Every structure is written in structure tokens, then in C-alpha cells.
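There are two complexes below, and they share chain A, which is joined by chain B in the first and by chain C in the second.
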Partner chain A sequence: MAYASTAHDAHDDHHDQPVKGFKRWLYATNHKDIGTMYLVFAMIMFFVGGFMAMLIRAELFKPGLQLMQPEFFNQMTTNHALVMIFGAVMPAFVGLANWMIPLQVGAPDMALPRMNNLSFWILPFAFTLLLGTFFVPGGMPAGGWTMYPPLILQTGAAFPMLIFAVHLMGASSIMGAINVIVTILNMRTPAMTLLKMPLFAWTWLITAYLLIAVMPVLAGAVTMLLTDHFFGTSFFNAAGGGDPLMFEHIFWFFGHPEVYIMILPAFGIISEILPTFSRKPLFGATSMIYAVASIAFLSFIVWGHHMFADGMPMAAQLFFMMSTMLIAVPTGVKVFNWTATMWRGSLSFEPPMLFAIGFLFMFSIGGFSGLMLAIVPADFQYQNSYFVVAHFHYVLVPGAIFGIMAAVYYWLPKWTGVMYSMTLAKWHFWLSTVFVNVLFFPQHFLGLAGMPRRIPDYAVQFADWNMVSSIGGFGFGLSQLLFAYLVIRCMRGEGKKATAAVWDGAMQHGLEWTLPSPPPYHSFTTPPDLPHQVHL
Partner chain B sequence: MPDQDPKRRDNRSLIRGLVLMTAGSFAFGWALVPLYDVFCRISGLGNPEARATAATIVSENVDQNRLVTVEFMSNPASNGSYEFHPLAASMQVHPGKLYDTKFYAKNLTGAPSTAQAVPSIAPGIAAKYFHKTECFCFTPQKFGAGEGREMPVRFIVDPQLPANVDKLTLSYVFYDTTQTTAQP
Partner chain C sequence: MAQAHAHEASKYYIPHGSPWPIYAAVTLFTVMLGAVSTLNEWLPAYSLIPGFVMLVFLFIFWFRTVIGESQAGIYNAGVDRSFRLGMMWFIFSEVMFFAAFFGALFYARTLVVPWLAGDGTKYLTKLLLWKDYQGGWPTNGPASISPRANGSFETIPALGLPAVNTAILLTSGVTITIAHHALLTGHRTRLAIFLAATFLLGFTFVGLQATEYHEAYTELGLQLGTGIYGSTFFMLTGFHGLHVTIGAIMLVVIWFRVLNGHFTPKSHFAFEGVAWYWHFVDVVWLGLFIFVYWL
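Showing the complex of A and B:
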């Protein structure tokens, strides 16, 4: 191999160590450095978005307006969503992809390292632009993260900043996606056929195609908003022959695949962790891949279920109801396979496993409330209520976020070479799990009792459960400081040295465990053979 | 490094394909605007013809035999930054006929400001039979320092208005929203 013959050249030797100082990060092309930056950025945004959530729960602690004006409350709900979706969850997954995909497929780096640098460094600018709207006349965007016209067109000076921030975030994710696809398809070690590829890489490959298919549609939709606002077009203006409902159709054509973009990589992570700590191969690995592919396909034909109550012909309502319920089939296959993976395994309950099992239980709760929302007549009661809030927070917090945390606890010793405190990490799991349920479960009751979303004040009959929910919110928020503490300690290299395999039973579950912990700055400079025992 | 060239070529063609796919998705997003309409026309979903005519408010079957009183009320913002009142206190109207009237508002502060009128119709049961085809309450109203002007409302009372209602009240609260609305 060409790589092998040049590996010992003097030229390559001085690349073995990272350059010192800020240039290492500003000019970063190493997938590990860029992965680290993505993950640190996601963590910061997680706390920024989390702080907004704390303000929201503080205002909702009691009925009446205590802390803020309704306009500011709306700014908080809108930006909490934008920051968490585009700033925390998506960059965290891209960071994990950067770190792990080259290690998992035996590639020396990502295929397009300089584009990788660009796609990361766009993000701080995008979020400076978005969060900078706090200081402009009219305040932050307050029309909801879905940006429905005509309401969003009433945003003040923040409006163009919001649109350009969304454009930048979209460009960043598209570049990240192209990089992942090229790395997986072209840089895999020759011994690894597609069906032997680890599930995390598989789910990311499918996610990357989803990103390429729908992020440009969002870019188009927000561009139409921009021209409607500044250049007198009437895409969404009924007075000029347009249709405000059209925006919802275009937005949700992006929006529904987007929610799977935020969960499919977590599916991959869970599919890596459960086999390791069950000491068994993944049950039905091939069917897992087909299930993810079917979910991805179905995500394109269900967008109408976000707008049942907007006025839609009966035939369309039936179609979207049926297609939405169909998603339960591949998802059921996945949950069944995960459970069957654990069945009669010799389980051990280290923190990544705890988060994975927590994911399995609580993501399923979110899945079930999703099925309820899919039923058109029932949706007419649930829509726009706290039931919806409870549903999507169950799939995003103990779903996507727990998936990310499971991944961090699983691979952090590999990245840093040191093990975190197992006891504190288990505390973090149990505190998060208890409080996340205290936080979101009562919101089901509030929604069924009729409390609407996105309101700063509410009727007194909702007071008790809101107070419970807020207490859960504060508890969950504070528990995450423990997570930050554990991660920072590992990043500073404090803790017991980790072995190459890290976990008992990990060695059979992927190429990354054949490297020392931490892996050398440049790994797999020659394509590795698959160790005989590696299976999914 | 002879081995790298075919790899580089493979990467290039894959990237080209992916960039094309991105451009295709962007174009598809814009194409959705006409496509939705075409799809509904071909499939007949949503009955597009009916939609196109449903919005016209009939002004032809005017009920000449019936007279309804419409009263106008105004509540200026409590902080005293506006003068605000209707030009006519009430009108006698025939259901089904289009009328217009005007409200007057004056900015009493020494600075430019913005206000939003919020309408309310009493009795509540009649609200859905009162159609405003044009109203200053549809958009935020901007005033220069000390500026005052008349603002129009056009409305039709629906002939379907229940027979036991002979008096309607249209009232506006005029909020000073300078602090909270956008200043583009």
C-alpha cells in the first residue's frame, strides 16, 4: 500500500504530533481534533439551550407572569428549540461521526479534511448571528422554531440574521454529510464490506443522505421567507396569490426527515453499546440496517401529520395517518432486536449500558405517544397541547440526548485514554433518568387536560403539574453539571488509565478497540485487516 | 504515490454526484411551490375550484327589510400615549351590504411610536357574522411624533345573523406596542 511506504518518511514524521497553540484548532484538519471541537461546541450549546429551558420552566413554575414578559418567553421557546436542534444535537452527532467513523471503518482520516474544517468553523459564526439577535431592536426571533409565516415575518431586525444563521447551519450540515458519505463509501478498509460495517457508521450513512436530501429544502423555504419580507414576492402571502399553508408543507417536508436525522445516529449508538455489554452479537444485524433504511424512506411521506388540523382533505389525512403508523413496524423491529440482543446475555451495567437501556425504555414511551398523535381524530384533541411537547421531548431527551451521552460514556476513555469515575457517572444516569421523567411525564397530563403549548401563563387548574414539571426541569438541568465535570476531568487526563479494549467484551465489537487508548494522532495509516473475531 | 490517484478520482466523482444531489434538493424545494398545486389539480384533492370561490363575500343578497345597529367603541391604551376614538358612534346597516367607517388616532407622545388595535365583537354569538374586509387592526400602525390620522374599517354583516340579534358592538383596544414590536 502506498500509505505504508510513506509512513516512515521524514516528511510524515513531523505530522505525528499536533502543532501547538491555537493553530492546531483554527487550521485543524485532523478528524479527532475536529470531532473534539464539534463535541465541545455541542456541549456549550447544550448548556446555552438548557439555560433558556430553565428560564421557561421558571416562568411556568407558577401561574401568572412572574419573571418575564410574554414576548421574551416566546423568544426563549423559539431559541431553545433552534439552539438545541441545530447547535447541540446535530453538531454532537457530527462530532461523534468525525471521531468514530474513520476509526470504525479503518480509514486514516475523513475523506475531505479541509472541508471538514470549514463545516465546523461555520457553526460558531452561525450561532453568534443567531444569539446576537438578543441585542438588536425587536429582540430575538419569537415566532417559533418552525418559522411559520406570516408571524415570523413580523420579526424585527433579527429576521435576516435568523435566515442567514439557518442558511449557515444548513451549509455546515450538508458539508458534514458529504464528508461522511465519501469517507464511508471510499475510505473503508478493503476487508470491510458494507454489510460488515458497524451500525453506527451505517445509521450515519443513511442520515447523511437524509441531510443532503432535506437541508437544501429548508434553505429554499427560508429563502422564500426572505424574499417575501424584503423583495415583495408572495410565496406565502395570500394577498399576492401565495399561500401561507404552502410554507408548512415545504417546511415539514424538511422537518420530518429532520427528526429522524436527530434519532438515527442514536439508533446506531445503541446498536453498538447493547451487544458490548450483553457480550453477544447484535440480534438481526442485517434487519437493523433494513429497518433504518425503511424508516428513512418513510420519513419522506409522512410530513402531513404535522398539519392535520390545518385543513386537509380526508384522503390526505388517511394517507398521512396510515404512512405514519407504518413507521411503527421498522421501529418495532429495532426495539425487538435490541431486546433480543440483551436476552440471555451476560449483562453488566456500566454507565453506557445504563444510558442505552434508559434510551430503550423512554424512547419507546415517546414512540407510543407518537402513535397516539398519528391518529387523526385523536390528534385534533392533542395538537398544539403540552401532550405534543411531552412526546417530542421524550424522543429527543431520553432518546437523542441519552444516545449521545451513552456514546460519550462509551468512547470517552478511548478518546482521552483515561476512565471517568464510574460511580459519579452512574449517579449522573440515575439523577437524569428520575428528573427527566419528573420533568416530562406530567406534561402528558397537562396536554390531555388542555394546556396549550408556547404560553407563558396558564389557568390555575394546571398549576400543580407545572410545578412538578419545573422541579424536574431544575433537577435535570443541575444533573448535567455532573456530566460536564466528568467530561472535563477526562479531557484534562485525570483518572485511571484505560486499556485499549476499555470494556470487557468490547474487543469483538469494532476496529476502534484494536487501537491503544488514546489512539495515536494519525491512526490506520495503512488499511487494517478485520480481526477474525470482529462482528457487528 | 500512484495508488492515491484512482482513490482521488473516485472521491471526485462521488463528491460531484453528492453536490449535484444537493443542488437537486434545493431545486426540488422551490419546485414544490407549483408541484403542490399541480398535484391537487390532477388528483382533485382539496377541491381547488371550490377553494377559489369560497372566499367571496356576497354583497348581492342585501336584506333591505332588516336594520341592525352597529356601535363603535374605543379604548385607548391606559398609559395615555394615544388619543383614539371612532368618527361615528354607531351606524344603522342592512345585512349583506358593504359599509365603511373611520377611527381617529393621534400619537400624544413626542416620539415616533407603533400601536396595534385588537378588535372585539359583542355579543360573542354574533362575532362570526361580522366580516371585516379591511381594517387598521390587521397591521401594526406607525405614527410619527404627534401625528394623528383617520383609519378605515370596511365591514359586512352577514345576512345569516340570528334574528334575535339587532345590535352589535365593535370595540377596539389600542395598545402602544413600541417597546415590543419590530422596528424594521
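Showing the complex of A and C:
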């Protein structure tokens, strides 16, 4: 939509123009069109999931049941998570990958464009199935996004819809991931050796590997739930020799790599933005790649820390505690290198840089509370409390979501050819940053004071901080309307024209800035050489 | 490779838009809706039919488009490499899908069942819940879930039909390799014969599995619901059988393509993709034979 209006004048000699009408979107094979659809879909889901979060915070504004029945509250927490994880964060990253990876590696398009179309178009149907559960007897799934049996097996008519929706989301993710890997390995311009590849492409390569490794495991886990519910199998039934805890092991074998699937691309984005606005190359670029690869490897052997309190042998607890703490080492390398990148740089604070720096500080807060949760005896105290909620929201909101917003502010002028209002974008950053801390920081206190998560009502001692948190929540939610406004304006082509390099310091950092803004419909028709000043 | 890439890349092939992906998404949604309606008993099981009919047409139409483009020589070596990489990573995802079920088998057998039988610190729980349960493998759990009134069931001995099936699948791995070599050296008749032998062996395998299932259901008291043994046995062998069936159908498709003169010694991605897939189901079977039937 956005660049459609301006695409012709950018390259009128190009014969491959987007087709007119609905076919452009339904039959799309162009990485930019598909990337745009992914991003728009993610934005819609961000507001759907956000609306559920607003309902949750409204209910928790005061103690006592205020607005809804506990059953409905549970439906909201469950679906807020599912929508945000599988509908907002993951599709947003796939959308960014679609847009940027061909541009960054010097390819004309993604390697498997039709599969790309399928992996996008599965998503609206998957979420129709999931959100459609609102209208069936028994309501939406309410057993938590982790779908633990036996509770989840009590779901009403929504149960098979949930399972099949997860199957569809998994299929979509796997196809998207295969496409990313094949594009990077096969379509990369020959001049670009792997270690010269931009960090965003690198982190996505590793993320894609994680996706292909663990999404099938999730599919297997929910298939076992399905057969336990409908076909009498005993996977999670102790009477038949199974074990409900086995589900948790299989689920978190998927679930922990999934956590990194939602953060590694953000690492890549931050590694693109900090050098640009520091006007310095990324400090220790190669060690950044190895750090991401180490984090990905470790993600497979730490799943037990999600279930310390469930009961497992002491040796297993120790192993999972140690391996979890090991993750702090490569993560520390990354935070150190990002900081060192800014050290003595000529910093300027445009919106992408603000979000990147916000990410650096607040993601680190989430990382530190993660270390606290990794300690087995401490976890026995923190588990299932608002401390956990605060922890993972710090890594996901000012972590993953800020990363996505930083990326959008960084590349939106490249995509649309127009610049957004710098002032409003800075307002968006400051409002988001202030409110996100008002929203989530008090939840640490609530958790340490003993407030359990996933409850619609609470003891009056928790009232003050809950009210503060809710105010932060409403403020954060409202601030995002500003984001939507800025993005829509750019998509409509309203604003100052952007140059090819867009940012003062960008020309040094990647092939995407060598193309005009917006780039031609098929990015690079021949493999480009790397201009010698281009480095990580 | 880098230079070859640079040389060909001036004529990068970018496929035109296609209606089949979105049709595939609608098909999957229809299949799911049928399954949801059936499982929730909103509609009888024939609500699955539209989805599966659409699925058949999906494969016919999409494959026809792709095979047509391939035969027209539109795909260059770069596209071929993309297809190969895509197939490899798809097979890796399939391996991980089976890993989930193998994981469930190992976890249940080595941890859950001993715990239920009172291993280590679990002794008090056992006394409280199922004090007569002895554990061991195979087991249908402390509640002895079985179609038989006395709660017993029998397993299928590894050295009967399963051993025959192992021989069949391993032989089919040899025949497809002979077919592959025949393709590379241009012996078309040998190629067609050994490819046919491969899918015939495949279908024989599926037929024997069906016999085995029939025997298990009617005579051995071994069903999907027969505790954890029945669950892991039927889910693992069932998904494997499904994959063998899909693989055999793929073999039939490329067999017809061979008869129509498709594939050259240099360009035959579809053949290799199917061959890899076939070796994958072969290897999964070896895992099944060892860990499900034998040990």
C-alpha cells in the first residue's frame, strides 16, 4: 500500500510492477508485500491482545470483582498471551525478516516466495479459529497459554479449536523459518561472506533454526493433548502410566527456545541501530554472532527452570539452575558490546536510537530478574507470583516490542519513502518508556509481597501498587495509538521525502541503504558488490 | 559455488503470483473446521469431506503448476538449490516432530513408570495411590486401562511382522538408491522398474502395518487407549505409517513423471526430494523397531 503509490517514480524502467487490485495481496509473492501484510497483521493483533490486557488491568484496578467473572478473566490472560506471542511478536519479526533480509543480503526476493505467501495467509485463519472460540459454548480457552493438562483438558468446545490454531501457527512459523534460512544461505550476494552478514540477518538465521527445531515439538505436545482428550490416550494421565508433568517437559522444551525466538531478532535490530546512531562500527561484531549462537544452544538445555516447583530430582534442578545462569555470560557479552559500541561515539538521539537505548536498559532489568528466578531456592519463593509477570513483561515489552518499534522507526522511511514526525515519535518513546515502567516495575513489589499471578481479585494489601500498575497500563495502551497514527501516515505517503541513506550515519551500515527509499519492487536483480565502506 | 551463483543470478527466477497458496490456507482452514465440528459433535464426521476433497485438488493444481514450470525449464540452478535446502530443513522439522513422541516414550518408560511403581522418594505416594502397581514395561498403567475385562494386553513381538517390515523398508531404501543411480546414468527402464519396486514395497509395508493394527485391536487387547504403552505405540507407529503413505504417494507421482520422460541426470530435484523423504521414514522406522518393538 505504502510504497505502491511511489514505487513507479522510483524506478520507472522496471517492468515488474505490482499487479493491481486484491490479487496483489491474495496471490502475493513479493517479499515487501508479504512483509507489509505480516506487519499490518501483527499491529492489528497487538491492539487485540492489548485490548485484552486493558481489560485485565481494569479488573485489577481495585480489589474485589469489578467488571468480569473470574472465568472470563482467565480467558483474557490466556488469550492475551497467545495473541501477543503468536499473533503480534512473532509475525512482526517475520514481517521485518521478509522486508529486510533480501535487502540486507542483496537478494531480489525471498527464496521460496509462494511458500512465503502461504505462511502468511495461514495466520488470519489460525487466529479466526482461536478468537472464534469467544463465540462457542464454554467460551475461550482459560487454562493459561501454557495449556497444562489436566486443567486445559476441561476446556469446552474451544479445545479442539485451540489445538488446531496452534497447529496452524506452528506450520506458518516453520515455513517462514525455512524461507529465511534458504534465503540467507542461497540468495546472499557472493561478496557477502557469512561473517560479513549484518547482525539482523544473523540473528534471524539462528532464530529460524530454533523455530524449525521446536515448533514441531509444540505440535507434538498439543497433538498428545488432543488425543488424550478425544481418543483415550494416556500421555498425561497417571492412571494409564502417563504423567501430567511430562507435558510441561515437552512444552518447555519448545517454550524456552520460543522465548529466544522472541528476543534474538530484537538483539539483531539493536545491533543495527546502535552503530548507526553512534557513527561507529558494532563493537566485537564477530563475538556478537558467537554470543547469539551460544544463547541459542543453551536455550535447549534450560527448560527445567520453568518448572522447578513442580518436583524434579535434585540433580535436574542443579543442572537447570547452572545452565540457566550460563546464559548470563553470552548475554553479558552482548550488553557489554552494545555499550562499548556507544562508548565515545558521536551519539544522536533519533527515535530508533531512543528505543534501542531504552531496550538496552530495560531488557537488562528483565535479564537480571531472570537470573534471580534461575536460583532454585529463590524461585520457590518467586514462582507463580507477580514477580514472574514483571520479569517476562520486562523482557517482552521494553525488550521484544521496543525492538520491533525501534526497527519500524529505523526502516519505515526506507519502506515508505517518507519520514514520520520526529517530535511525535519521541513523544511516543517517552510516553511508552515512562508508562511501561509505571506498569511493570510495581509488579516486582507485588510479587515479592506474595501476590499470585493469574487471579482476578487480591488481598487489599496489594491495592495501591495494582492501581499504579493499572494506570501505567492504560497510559501505555493509549500511547500506542500514537504509534499506529505515525505508521499509518507514512503508509499513506504523507510526510517529508526520505533520502536513500535516510539516517546520517546509516550509509556505513548495510546494503539496504544503497537502494532508493522506497526500494524497487524487486530489491536487487543482480547480486550487488559490497561497497568497501559497508561493514557491520 | 559463489562464482556460479554470480553468473546465473543475472537471470534470477522470481515466480509470478499464484492462487494456490491462499487456496491452500483456505483448504487447511476447511479441514480444521471439519475436524473441530466432528470432535465437538456439532456435525457428523462427513463434515471432514469438503476439506479433504479440497486438499486433493490443492495438490493436483499446485503440483501441476510447479511441474509445468519445471518442465518448461524456467527454474535455474539457484532455484533448484533453494528447493533442496527447503526440503532438507522441512525433513529436519519432521525429525523434531517425531522427537517429541520418542521423548514422551523415553520419559514415560524410564521415569514415569518407575515413579508410579514407588521408585525412590515416590514410595509413600505409591502406598497412598496404587499400592499394588509393580511398574515394568510394557505397561498400561496402575489402572490397567485395556479393552479386556481383566485389564491385560499383549504386545507385538519384534521378530514377527515388525522384522519383516524392517526388511521391506530397508530393501526399499536399496531399490530407490538403485533407481537414483539409474537416473544419473540414464538407464530409464531400470529407473522406472526400481522406482515402482520402491513404492510397491512401501504400500506392502503399509498393508502389513494395517494387518498388525487389526490383530492388535481385535486379538491382543492393544489399542490406542491401552495405557501409556498403547498411546506411545500407536502414536509413533501411526504417524510413521502416515508418513510412509505420504512418501509412497510421492513416489507414485514421480514414477508417473519418470514414465512421462521427466527428469534428466542433471535436473531432478523432485526425485531427490522424495528419495530423501523416503530415507527419512526409513530411519524413523529403525528407531521404532529398536525402541518400540524390540527393547
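In this section, the second predicted complex is superposed on the first by the 521 of 536 C-alpha atoms of A that agree within 3 Å, B and C clash if a C-alpha of one lies under 4 Å from a C-alpha of the other, contacts with A are read in each partner's own complex, and residues count from 1 in each chain.
The rule we apply is simple: a contact is a pair of C-beta atoms (placed from the backbone, for glycine too) under 8 Å apart; a residue touches a chain by one contact, two chains touch by 3 or more.
None of these values were measured; they are calculated from a predicted model.
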Which of chain B and chain C A:Trp204 touches, first, second, both or neither: neither
First, second, both or neither for A:Leu118, with chain B first and chain C second: second
Which superposed partner A:Tyr458 touches (first chain B, second chain C, both, neither): neither
First (chain B), second (chain C), both or neither touched by A:Thr155: first
Residues of chain A touched, compared between chain B and chain C (which is higher): C
Chain B versus chain C as contact partner of A:Thr227, first or second or both or neither: second
First, second, both or neither for A:Asp109, with chain B first and chain C second: second
Intersection of chain A interface sets (partners chain B, chain C): 111-112, 157, 174, 177-178, 181-182, 185-186, 212-217, 219-221, 224, 235, 246, 249-250, 253
Chain A residues within the chain C interface of the complex: 16, 19, 23-24, 26-29, 108-109, 111-115, 117-118, 121-122, 124-125, 128-129, 136, 157, 160-161, 164, 167-168, 171, 174, 177-179, 181-182, 185-187, 190, 212-217, 219-221, 223-224, 227, 230-235, 237-243, 246, 249-250, 253, 522, 525-527
Residue ranges of chain A touching chain B (in the complex, touch as defined): 1-3, 6, 69, 71, 111-112, 137-138, 154-159, 174, 177-178, 181-182, 185-186, 212-221, 224, 235, 246, 249-250, 253-254, 312-313, 315-316
Footprint of chain A on chain C - complex, ascending: 2-3, 5-6, 9-10, 12, 14-22, 24-26, 28-29, 32-33, 35-36, 39-40, 42, 78, 81-83, 85-86, 89-90, 92-94, 96-97, 99-101, 103-104, 107-108, 111-113, 115-116, 129, 139-143, 145, 224-225, 227-232, 234-235
For the chain B and chain A complex, residues of the former touching the latter: 1-4, 7, 10-11, 14-15, 18-19, 21-23, 25-26, 28-30, 32-33, 36, 45-47, 140, 180-184
